Amino acid sequence: MPAPNKDGLPLRVVVSALERLYPPDTAQSWDRVGLVSGDPEQPIRRILLAVDPTLAVIDEARDSGVDLIITHHPLLLRGVHSVATTSAKGAAVTELIVHDIALYCAHTNADVADAGVGHALAAACGLGATTGLEVTEGVELGRVGDLPEPVSLGAFAERLAAALPPTAGGIRVAGPYEAPVQRVAVLGGAGDSSFEAVRRSRADVYVTADLRHHPALEAREEAAVGDGTPYLVDAGHYASEWLWLPTLRDRLVPELGAAGTTLEVLISEVRTDPWEFVVGARQPSSGGTT
Amino acid sequence: MPAPNKDGLPLRVVVSALERLYPPDTAQSWDRVGLVSGDPEQPIRRILLAVDPTLAVIDEARDSGVDLIITHHPLLLRGVHSVATTSAKGAAVTELIVHDIALYCAHTNADVADAGVGHALAAACGLGATTGLEVTEGVELGRVGDLPEPVSLGAFAERLAAALPPTAGGIRVAGPYEAPVQRVAVLGGAGDSSFEAVRRSRADVYVTADLRHHPALEAREEAAVGDGTPYLVDAGHYASEWLWLPTLRDRLVPELGAAGTTLEVLISEVRTDPWEFVVGARQPSSGGTT
Amino acid sequence: MPAPNKDGLPLRVVVSALERLYPPDTAQSWDRVGLVSGDPEQPIRRILLAVDPTLAVIDEARDSGVDLIITHHPLLLRGVHSVATTSAKGAAVTELIVHDIALYCAHTNADVADAGVGHALAAACGLGATTGLEVTEGVELGRVGDLPEPVSLGAFAERLAAALPPTAGGIRVAGPYEAPVQRVAVLGGAGDSSFEAVRRSRADVYVTADLRHHPALEAREEAAVGDGTPYLVDAGHYASEWLWLPTLRDRLVPELGAAGTTLEVLISEVRTDPWEFVVGARQPSSGGTT
Amino acid sequence: MPAPNKDGLPLRVVVSALERLYPPDTAQSWDRVGLVSGDPEQPIRRILLAVDPTLAVIDEARDSGVDLIITHHPLLLRGVHSVATTSAKGAAVTELIVHDIALYCAHTNADVADAGVGHALAAACGLGATTGLEVTEGVELGRVGDLPEPVSLGAFAERLAAALPPTAGGIRVAGPYEAPVQRVAVLGGAGDSSFEAVRRSRADVYVTADLRHHPALEAREEAAVGDGTPYLVDAGHYASEWLWLPTLRDRLVPELGAAGTTLEVLISEVRTDPWEFVVGARQPSSGGTT
Amino acid sequence: MPAPNKDGLPLRVVVSALERLYPPDTAQSWDRVGLVSGDPEQPIRRILLAVDPTLAVIDEARDSGVDLIITHHPLLLRGVHSVATTSAKGAAVTELIVHDIALYCAHTNADVADAGVGHALAAACGLGATTGLEVTEGVELGRVGDLPEPVSLGAFAERLAAALPPTAGGIRVAGPYEAPVQRVAVLGGAGDSSFEAVRRSRADVYVTADLRHHPALEAREEAAVGDGTPYLVDAGHYASEWLWLPTLRDRLVPELGAAGTTLEVLISEVRTDPWEFVVGARQPSSGGTT
Amino acid sequence: MPAPNKDGLPLRVVVSALERLYPPDTAQSWDRVGLVSGDPEQPIRRILLAVDPTLAVIDEARDSGVDLIITHHPLLLRGVHSVATTSAKGAAVTELIVHDIALYCAHTNADVADAGVGHALAAACGLGATTGLEVTEGVELGRVGDLPEPVSLGAFAERLAAALPPTAGGIRVAGPYEAPVQRVAVLGGAGDSSFEAVRRSRADVYVTADLRHHPALEAREEAAVGDGTPYLVDAGHYASEWLWLPTLRDRLVPELGAAGTTLEVLISEVRTDPWEFVVGARQPSSGGTT
């Protein structure tokens, strides 16, 4: 394990930079963003970026001499009443404190930022200029834009797959492989609640994640009484939000100016998608619902 | 289209048989089960069984001269205020009435019955005797039992896949392919809310569906501070509940006694899983979260 | 039964005209207005106007070759989970669809419109210029205005009775027959909740319907600690809202312009007030509360 | 005004007798029964019984030298925050205290008692033995029983009218005048919420009061998909509950034993039904909804 | 007892003056201010001011020939359903009406007025110009200002004690006796809910009342991770709000102009703090939490 | 700082003993009891008992080589979303983990146990046999009993003061110093919500803590319409619950049997009552509310 440089930047300086990029007051009211563990004065030299603050990510940080983990998902979205090591949340908090690792979360405030999840997912889909998909609590969630020219739904999905980190489940698609798509709505993370906005956007395809059976099927039924769109692409919760990490890495150091040059920023090697393998899937040639 | 026999059984007789098999008062309080369309006196000769009452299933029924569709999922779980054809629900209701097709739903009452979803899924997993996973509103939801001998998680999943109808996404598994499993908890449909009961059951593996990123990952984290179990198998919402249809077919006709011999009971050919193809999945050999 | 003209106007054209007259976004948030059954493309030649979409009204429509019923009260204000014929709502929906009759409802949006219930009731009371009684969710409910000169409460009620459709219960009045009234507040339908607004309006008499014992008696008690006003006139829920139907008939065809000339618009002959006869009433000469 | 006998019974003794007849813990949880004004030691010599504690009833009590008013309806069902004379409730409280008149209310506990409203209304309908209509919060609300032999609905209503105190509005009936009825459900006061129980009771006719347009019409529509019953009789809120007053008068004095012989118990002459006259009613011969 | 002058001002005139000084619409929405008992036309000659409308205060009013009591705390903040003398609230209402004493309450509207509780408490603390502590429902609650120069916390508390009416419990202080304070936040009455606003105000000391163990201790713990401020002064609910009474006396008569010169305004001699004595307290020299 | 003996008992053994004495399922549903920090396998040699887990108590534990703190009040009653050192809760959690100190809380489960707060407070009041004051969620809260003979309220309070740890505010009493008391109700901690139960118990005096102005004054007013009881004794939240600590010390070691002999159990020297000094109090001779 490399020795951390004790002359690092104070944590409060890094936090200030993060809060300029992702102002906490742009987070949704139910969200819990900001500093989860650590002391504002502790020195930061090496930073690890990850989607989820799992125990494996904390182990990776410890093994890599990391001082600060920045994640998309909050560790303590629901408040905890104990940090004993008998629960996963308690074990994570204890590990962070024992190893002197600070944790910072930027969640729905990172979803909506220019250097955020929505824009990263839109870029991975090949979109240029986009507008907000919907406005919730005064901030724009999701993006909508047009591809330069129509492509088939299958080719669109294949191209997106190439930009995403690999997962066991891959990308699930509802709609015919050959159907042309041009107008695209994207929303990183769980997208069950935004179908109304997607229909209003007149998108041909909706790229999101964590769609459950009933909302997805009802959306397809509504599409069936129209022209069949929007088709659905479930890109995976972890994978769709992972796209933000390179953006964050590229933006954080410049935001710190000269001081930032002493920082090392790593992207986690841990895949925090919970699924390890898939059996029994039937690939594209099997398609069709009737 | 075959001509329906107008001398069929009155719908009310079929409904009575269904309510003996799946008493409506064993449904959860939020559920909406029973007769959705039709007249108690209309004659029934041909019945179609399906997981979801989609427009494609209704088309199939019309094309097959079916008088009654029996589905697992309610068409109108949320009440409707209009049946105009401008919405999917309205179009479905209109199609049913115009074509004189009755619709009956057995949902959470079918989950818990002996001839129900839980037992069908347990059987597909290779379980013999089982006990209830948890008690909700006075009825047992889900089943728990032991395999005759331990098998690897991968082999267990492969065997289950062979019993399920094919889907594009297949079966997602969280846990090592080679890990041994013997005690199994099953819950057809969406299983996000029952992790506490699964842990109390000391199951090695939890077979359910529609697991989202956060609940699944948090369950895996809790497992990580213990012995790594329960592993998770997401068998697909449609596929895990489809298993009930053959049971229903085999039980309905005998329940009607002599009268039932005039009935024809079909299982729908329509796959109502909304996903048509998958791209970018990485199969078992890629496994491992660190 | 006359043969409907298959060259009628598409339903969507009639709906557009109705929504210009009674914009749906002026309905109260709890209300359910708009198209309840039918297909936007079905041809409309003959329209029936009624207060309530009862089974008898639907029978009248069917017997008269009507393509579209327009009612004031929603059929499905509370959502339904079944349209089986075993319930009245289900039987009504089934009858509408089987006989290819569309149903459209304009309720609280019709209450507040210029060509609406409030203005029709005000006119029947002999009022000219009026102002809104109260503002709820941004729209004016009820009307207030002054008669050209004072009349006795009894004469006022008699004149109103002459304008209303006959009902078994007639018009109930609280206040002395000879008391003079000039300032009048009106609110079609159930008026229990608007006594505060009526008192603020300084009306001498409040014309509304469906007043229950406790609200009416408490309003009379509050009046008793003042000058005895407002007196109360309960004109009947059905009767007070029926006044809107002729207005609607006169406004709908011109709103459709040239296209409208092919339409025939009928007012229902069915009295949907549920009360069929009254016994034991004691008429005016018996008055007085002490 | 007669001078009250200052050697009367202490109020607490009368209250104890009332609470034996109408135990307060049999009142519904939302209700507010018991002593509303007065001091337990004040002497009681003359008692006035009324349905509602209106200002006119309090005037009558004062003019008659009454020490205690017993009413069915609570004066302060909703709590008051002021007893200034600017509101009707405040004026009533002030009048009671200034004139040293105690007020006691027995409401839903009187509805359900043997010497209560339900039994009195059942008796006025000609019923002998009855059972409870429904059980709410552990007590039986309403009564159901059979007439010795079927009578026409019209004759039934006429007979009931003869037993009730006169009101301007009389008794409203929904159903054909000549239809035979034998099984009768009764519920004094507002009966909108008990239609389900009435249907379960298989009553031919439901006698209650304060029915509003929508619940009454929906009940008639449900009846229309069956055999047309239950018919509805709205006997008036005041009139249907007034029937209890003679029962109370006859039971209270014996309940007090020897001590009770000094008491004088009067029934109020004030009609607290708010309606003073009716215009424009069309009597039985006009009946029929088509 | 002095004979009240029956030529006094009508109560409504005094109420109008009070409502100019303390507009009712500046009260919080949950509050209940205004006239609690009395008649607008009754003559007022002698007025008693008190913090709480207790039975002892009403006795004092009766013994002093008082026509109107003005209190800070509402008598009927929670609505009452009975004014029988068996409850304290009923006994108070009965006493007021029997003795013809009106009661008027100015509560949260008096907290926020210029001639109000907040300003009186700020003045007693030695503050000159102040700003609002926080804004709730559009009005400023509490005051914040700076002393001319720093003083020790102990001296500050001693000076405040000299301005307050005596109570058995005195003033409780959390913080070191010698710690310097200059910036002061004040909030009369119960101050548990405003710690966030106090911290935002950067006050050195927070003067309020009715602080409970947990909120006070948590506030001290938050202070401990900063610079130790804000210190806490619990001045007593009764005592901190009593300060308003002299202000009210001095402002009410001038507000009435010439008419007011006939009024006599007294401040109650009754201490309505419930605590009568204290034992076992250890005074300042014992201080220190570690 | 003494070196902790690393051969101590595993934390899980101590936790088991605590949960036998204070079963977690006897805690109220809103409460949060049990292990707050630490690992079940960490060795415990020295234990510190305190009412509140403040930062000063944690410092004392660290300085004394303590491995486990047991407190009455939960550290995290409201869940936390961050343990950064910028908040008091975060600083406390961080200090506990950094110094390897476990924290265990027994709160409402300790209130109700035989070796609990209620019994300790009853004993300090001189009560022998007691019964429960009220039953909440199936467990008895508070105690009621009789003194061997009546004593004056003042002498009663003085005797209690001698048993309590010293605090700046001491014990506040409502009632006359010389009034005799014999029947006593006790409830450690905040007692505002139990006045109804106290009145039902017919106690002469109610010993509790954290009483606020309005509940205490209203209780005294209700007493005033009766015989003046119950008098009130506010013994201080910290002081009244501190009495439990010696009981816990005396019961914990025997509960552990032979293993327990290696444990050292200390009672904290830190007074966690937030109040440091009092000014301006007027002692007993000044009493009386008129």
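Chains here go by letter, A, B, C, D, E and F, matching the order in which they are written, and residues are numbered from 1 within each.
Criterion: contacts are C-beta pairs under 8 Å (C-beta built on N, C-alpha and C of every residue); 3 or more make two chains touch, one makes a residue touch a chain.
Since this is a predicted model, take the numbers as computed values, not measurements.
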Note to self: Which chains sit in contact with both members of the pair chain B and chain E?
What the structure shows: none
Check: Between chain C and chain E, which partner chains are common?
Finding: D
Item checked: Proportion of interface numbers common to chain C and chain D (over half same, under half different) -> same
Note to self: For the interfaces A-B and B-C, which has the higher count of C-beta pairs in contact?
What the structure shows: A-B
Checklist line | chain A and chain D, separation of their C-alpha mean positions in angstrom | finding: 65
Notebook entry, point to check: Centre to centre, by mean C-alpha position, how many angstrom separate chain A and chain C?
Noted result: 54
Margin query: How many angstrom lie between the centres of chain D and chain E, each centre taken as the mean Cα position?
Written below: 47
Check: Which residues belonging to chain A are in contact with no fewer than two other chains?
Finding: 85-86
Notebook entry, point to check: Chain contact graph: line, ring, star, complete or other?
Noted result: ring
Item checked: chain E partner contacts - residues on chain F that touch it in the complex -> 52, 54-56, 59-60, 73, 85-89, 91-92, 154, 157-158, 160-162, 164, 166-177, 189-190, 209-210, 212-214, 216-222, 224-225, 232, 234, 237-238, 270-284, 286-290
Note to self: List the residues on chain E that touch chain D in their complex, please.
What the structure shows: 32, 34-40, 74, 76-86, 90, 93-94, 97-98, 102
